[in-house]
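For reference, the structure discussed in these notes is given below.
Chain lettering (A, B, C and D) follows the sequence in which the chains are written, and residue indices restart at 1 in each chain.
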Amino acid sequence: MLLLLPQALVDGILIGGVFITIAIGFSLAFGVMHIIDLAVGEWIMLGAFLGFYLTQWTNIEPLLFLPVVFAAFGIIGYFLQPVIFRVISGIKGDPVLMGLVFTFGLALIFKGTGLTIFGFYSHSIPSVFSAGSISIEIGNFYLTIPIMRFVGLAYAIIITIMLQYLLKKSNFGLAVRALAQNREASGLMGINPKKTSSYVYAIYVGISAMTGVLIGSIFSLSAQMGARYTALSFFVVVLAGMGYLAGVPWAAFLLGLIQSFFLIYFNPGYTLIAVFSILYVVLLISPKGLFGRGW
Amino acid sequence: MGTYIKGSTIKLFALIFVALLLLPLIFRNPFSLRIATEALMWIGLAISWDVIGGYTGRVNFGHGAFFGIGAYITAILMMNWGWAFLPTLPLAGFGAGLVAFIIGFPTLRLMGAYFAIAMWSLALAFQQLALLMNITGGPDGMRLPTFLNPEFFFYLMLVMVMGTFVLLWYLMECASFGFKVRSIREDESGAMALGLNPTRIKIQAFVLSAVPAGLIGGIYAYWVSYIDPPSVFGDIITDQAIVMTILGGMGTLIGPAIGAVILFAFKTVFWAYLSDYQVLYLIILGVVIALTVFFLPNGVWGTINSYLDHRKSKKNDSLIS
Amino acid sequence: MKRNIFFVFVVALLLVLPQFAGARDFFKVGVITSLSGPLATGGNVTKYGYDMWANTVNSHGGIEIQGKKYKVQLFYSDAQSEPSQAASGAERLATQEKVDFVLGPYSSGATLGAAPVLEKYKIPMITGSAESPLIWKQKFYYTFGTIPPVNFTGAGAIKTLAQLKPAPKKAVILGSNDAFSKSTAETFKEASEKAGIKVLKFSIVPQGQDLTPFMSAVKVLRPDFIGFGGHDDELINLVKALHQIDYTPKALLMHYGVTEPAFIEALGKDAEYVFGGSVWTGSLHTKSDILWKDAKSYFEDARKAFGIDVDYTHAGSTAAGIAFQAALQKINAAPPLKMEAREALIKALEDLDITTFYGRVNFATEGQFYHANVGLDPLTIQIQNGKVTLVGPENYAEAKPWYPMKPWKER
Amino acid sequence: MAETILKVDTVTKTFGGLHAVENVSFNIDIGEIVGLIGPNGAGKTTLFNVISGYYAPSKGNVYFMGEDVSGLPPYKLAIKGIGRTFQVVKPFPGLSVLDNVVIASLSRHPRRRDAEAHAWEVMKFTGLADRAQILAGSLTLAGRKRLEITKAMALEPSLILLDEVVAGLNPTEADQTIELINKIREQGKTILIVEHIMHVIMNLSDRVVVLNFGSKIAEGKPEEVAHDPAVMKAYLGEEEQ
């Protein structure tokens, strides 16, 4: 079974790629605004449906719509942010917790709206990429790389690099990092915290919605899918260290590899118990995420 | 806070207790009793969550695990070892408490979201375990003997939840334990300088939070007579307890109780009479939660309380001047 | 101020005060099903089926009992995918609405929550979609089901597969870890072994698990067919995963969800060739004189009503209503049903043997299928040209099974 | 000869190879006020944290009333009689001033009623009684520093460690605090005080220990130390930077 090792590795990394896309925006939003957004899965759901309908109406490759979805949801995020800002900047109550419950409320609203408009059934977004795979077969050695998944991984890496670049190299990134460090001081330095936060939230919502299109292409989409991805995204972000963007890919790969190894080498039934137990133990050992770099 | 047990408080508790005792005589309807029993159950889950979540400041996303452990202990003892129901209850509570004690030491070192997620993943691991083991019946769950006596379950739940409430009231609002726990919430290292051992106090609070959940889980198993991993280890137990507590007001006991009653009453009435609009329920609930957090960040009771405090301090000011 | 708690409590209870029902000229029919929560998809399918029955009965003027027609009125109670809420709903329907009989939940969990309560109030329930063998092992006296449990139907599809040429010899079977899907997989496994097919790998996987790595490993084993027990989106994801890794087994067998319109709609060409187990399709040859004359007319009516191609879960749910209707007519019971009438109704249901648009309805009265409908033959279906097509057993087959499966790319 | 209450014996504390405190030894006798001074980053607060149990010493020992207490956790030391304040004040902001003090009192008076009575006494002593019902978080800086002292006092410690309780206060407030420290000394408490403001420490202390770069460079009476060339160099050196 050693021949399957490359396959297990590749599959783990590909699953990890999907996890990155789910979690990266969430991590950004937390890192900058310290908001735990329990509606992240619902943004993914809504984005997926926008992609689904656009594809149905136009019959064009769904991944071409990614910028459209990003823009549409970015605008929504931009205008929603002040409301959330107000909730998490109140003097009373624990701001993180308030944000968490508020976005839980938002999640219920989105889910209810989604069920009303889209119904209960599952759908799928057809992409040309879902058709192919790169296959290597030498004797007993098999390695299959699904192109769709590979596209997902590429998307994940591109988004991660773009975000890192934006944060580390641009003026906007400087403002964002200043904001993440200290809201009051950044205000003194001529940064408009409200505007910057709005942009960050817009980027986060936009990325999450785009991810929805990808998820709908790789897996399926339904109005009920949100909660699952919220949980996943939360797990990845916490494992990476809350708000530590550079940790997200590694956390995602770790969770992906646990899954692929259990599915291939051990009893597949124990996959999830392994994922949850390992997540728990890792947090005990490294209380601020894998690299100890989280908030 | 800062109050001892006042005569009026005791009287009020006694009044509520007697009123609840008489409830089955007024509402002879089994459905009403079932609803009342479930409302009590949620009060119990919300206040027990608040011990660790509100008083100790560790938001626990895995509270349902204790509920599930209690439910499965009762079910397994009854079905696999032929126990009678009542003797299983102490064990259900003990089991939940024991788990809290064991995991408490390593887990409670974690802060904020890390603690929340560690507990969540642990609860999900328990759910998976229940799905995989034979003794729990795996995904098929377990069916218990049916004992459909609404009064029995109402009174049992009432005694359990009222007992929990009074005990927690004493510990948190009257005895010194409440102070210690709050100081941990506010600043652990500062508390250490004052001679408090944070680890010990956190574990005590954690066990105190887990035991009632386990007991309620045990009652739930026999009451509903069927349990399976999603229904007792599912996220819904924890989610609802948290939302109820925050709606009502964290770090208090009356708050979560109010939150539990409001949310549960809303839910029940909605489902019972408006179930054609099931999807609307999610939207309305979402709006209610969002608006409450937006306008009443301290929850319903927290807001009433600070209003009362405000008035009291105003009165004091006028006395001084 | 602290009185608030009490006040809220009283208000809450006042709102749910009993409403008394007097004599009436219609049947009160309770419906307990999951309209929300994780199982809402299936729950709403049963709702369509129950609505379909009620609307059609009422458009015919009602159920005719001794020359007088009584309409039916449905009283819904959402089980919220939770056994406790199903129990609560049952209690409300029994004590407050005082329903005459109940159309039951989707999923075994909700059924097992509601059944003991209905047992207590002696109210008959027929569930239109609870396929888990678990329920029938409990032998609830007041609970019946129109869809045979999966351990009764699942073997049929394997039999059809075993007769294909060249006969499949090796299989990989897996099931999602919920009560229904696990029994499906177990049934597939047992039947395969009985048919002399070697099961190379049998796995129960966590619900909702991304199975791509698993399938990559399966690909190496080169089984002739893959059998999978799971729910709607899991089936879609599995087919997509197989397509993405570009692996086509000779046959792909699934249960439950493949006949659901969403499966075909979501997968398009990829849905082709997929086998499934069922007990009813819109093209099944049935003959009946109750409400619909055959499967086709029901199928057409339902399409008009809901705009979708209905499957056996809809039909089974509608048939649950018909079973009650037939039993009521047999004992000439007019509403409201007293306790004795309900007892008689149970007896009538046990003796019931009718043919409906859905097929024969005949509840077992003993054994592991106690009170489940064993009047139906398990059918094997395959998605052919975007349609659910009957391919087995031979006397029902509308078309030859397509075999082996055409590789994804060549479609 | 007065009895030694605290003996710091060749204590070293390293953080990842960096010596924050190196080989420091000194004694404090009962009833003394000892000042601990040194330029920024000299290791004063680290030493405080070692003495109060927040850090275990990497090398060396701390003896409190003759008992080796090195490495004991803070809460055990607090019970044994070491009270401390924090440079960055740590009140429990969500609790009232009274409750803050009650929590400290609980270590000696486990019954809440007694603890509360004791808390009132201490608050009267430190002059916080009139602000008892205010939330600790809404106190002024001076109030918060005073609350720190009050909490430390409520432990009924025999040794009290004061970490920059005067810094940041205006002259009036500073004088009040110095007055309070003198009052505490009159009660027979032993005090180890870290302070940046020279004249405060020179006026209060019986003896002064000077740290620079983690090492002790001088010890003695304030006037002697003030003229010690090593000390002058350390401070002047700092000013040059």
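Quick notes on this one:
Rule of thumb we're sticking to: contacts are C-beta pairs under 8 Å (C-beta built on N, C-alpha and C of every residue); 3 or more make two chains touch, one makes a residue touch a chain.
Because the structure is predicted, anything quoted here is derived from the model rather than measured.
Contact with both subunit A and subunit B is made by C.
The chain with its CA mean position farthest from that of subunit A is D.
Centre-to-centre separation between subunit C and subunit D, using Cα means, comes to 74 Å. Centres computed as Cα averages put subunit B at a distance of 36 Å from subunit C.
Averaged C-alpha coordinates give centres for subunit A and subunit D that are 48 Å from one another.
Contact of a single residue of subunit A with at least two other chains is seen at positions 115, 269, 272-273. Residue positions of subunit B with contacts to 2 or more other chains are 128, 132, 279, 281-282. In subunit C, the residues that reach two or more other chains under the touch definition are 38, 40, 177, 206. If the chains shown are joined wherever they touch, the resulting network has some other arrangement, not a path, ring, star or complete graph. By the contact rule set out at the top, the touching chain pairs are A-B, A-C, B-C, B-D. On subunit B, the positions that touch subunit A within their shared complex are 59, 106-107, 109-114, 117-118, 120-122, 124-125, 128-129, 132, 235, 239, 242-243, 246, 250, 279-291, 293-294, 297-298, 302, 306. Taken together, the subunit A residues at the contact with subunit C in this complex read 3-4, 7-8, 11-12, 14-15, 18, 115, 120-124, 126, 130-133, 135, 140, 142, 144, 146-149, 218-220, 222, 224-225, 228, 259-260, 263-264, 267-269, 271-273.
Across the complex, subunit C is touched by residues 12, 15-16, 19, 23, 27, 29-32, 34-36, 38-39, 128, 131-132, 138-141, 143, 146, 148, 220, 223-228, 230-231, 236, 254, 257-258, 261-262, 264-265, 268-269, 271-272, 275-276, 278-279, 281-282, 304, 308 of subunit B.
By the touch criterion stated above, subunit A contacts subunit B in their complex at residues 36, 83, 86-87, 90, 92-94, 96-98, 101-102, 104-113, 115-116, 227, 231, 234-235, 238-239, 242, 269-270, 272-273, 275-277, 279-280, 283-284, 287-289, 294-295.
The touching residues of subunit C, counted against subunit B in their complex, run 1-6, 8-9, 11-13, 15-18, 35-36, 38, 40, 76-78, 80-85, 87-89, 91-92, 94-96, 108-109, 112-113, 116-117, 119-120, 132, 134, 138, 177-179, 182, 206.
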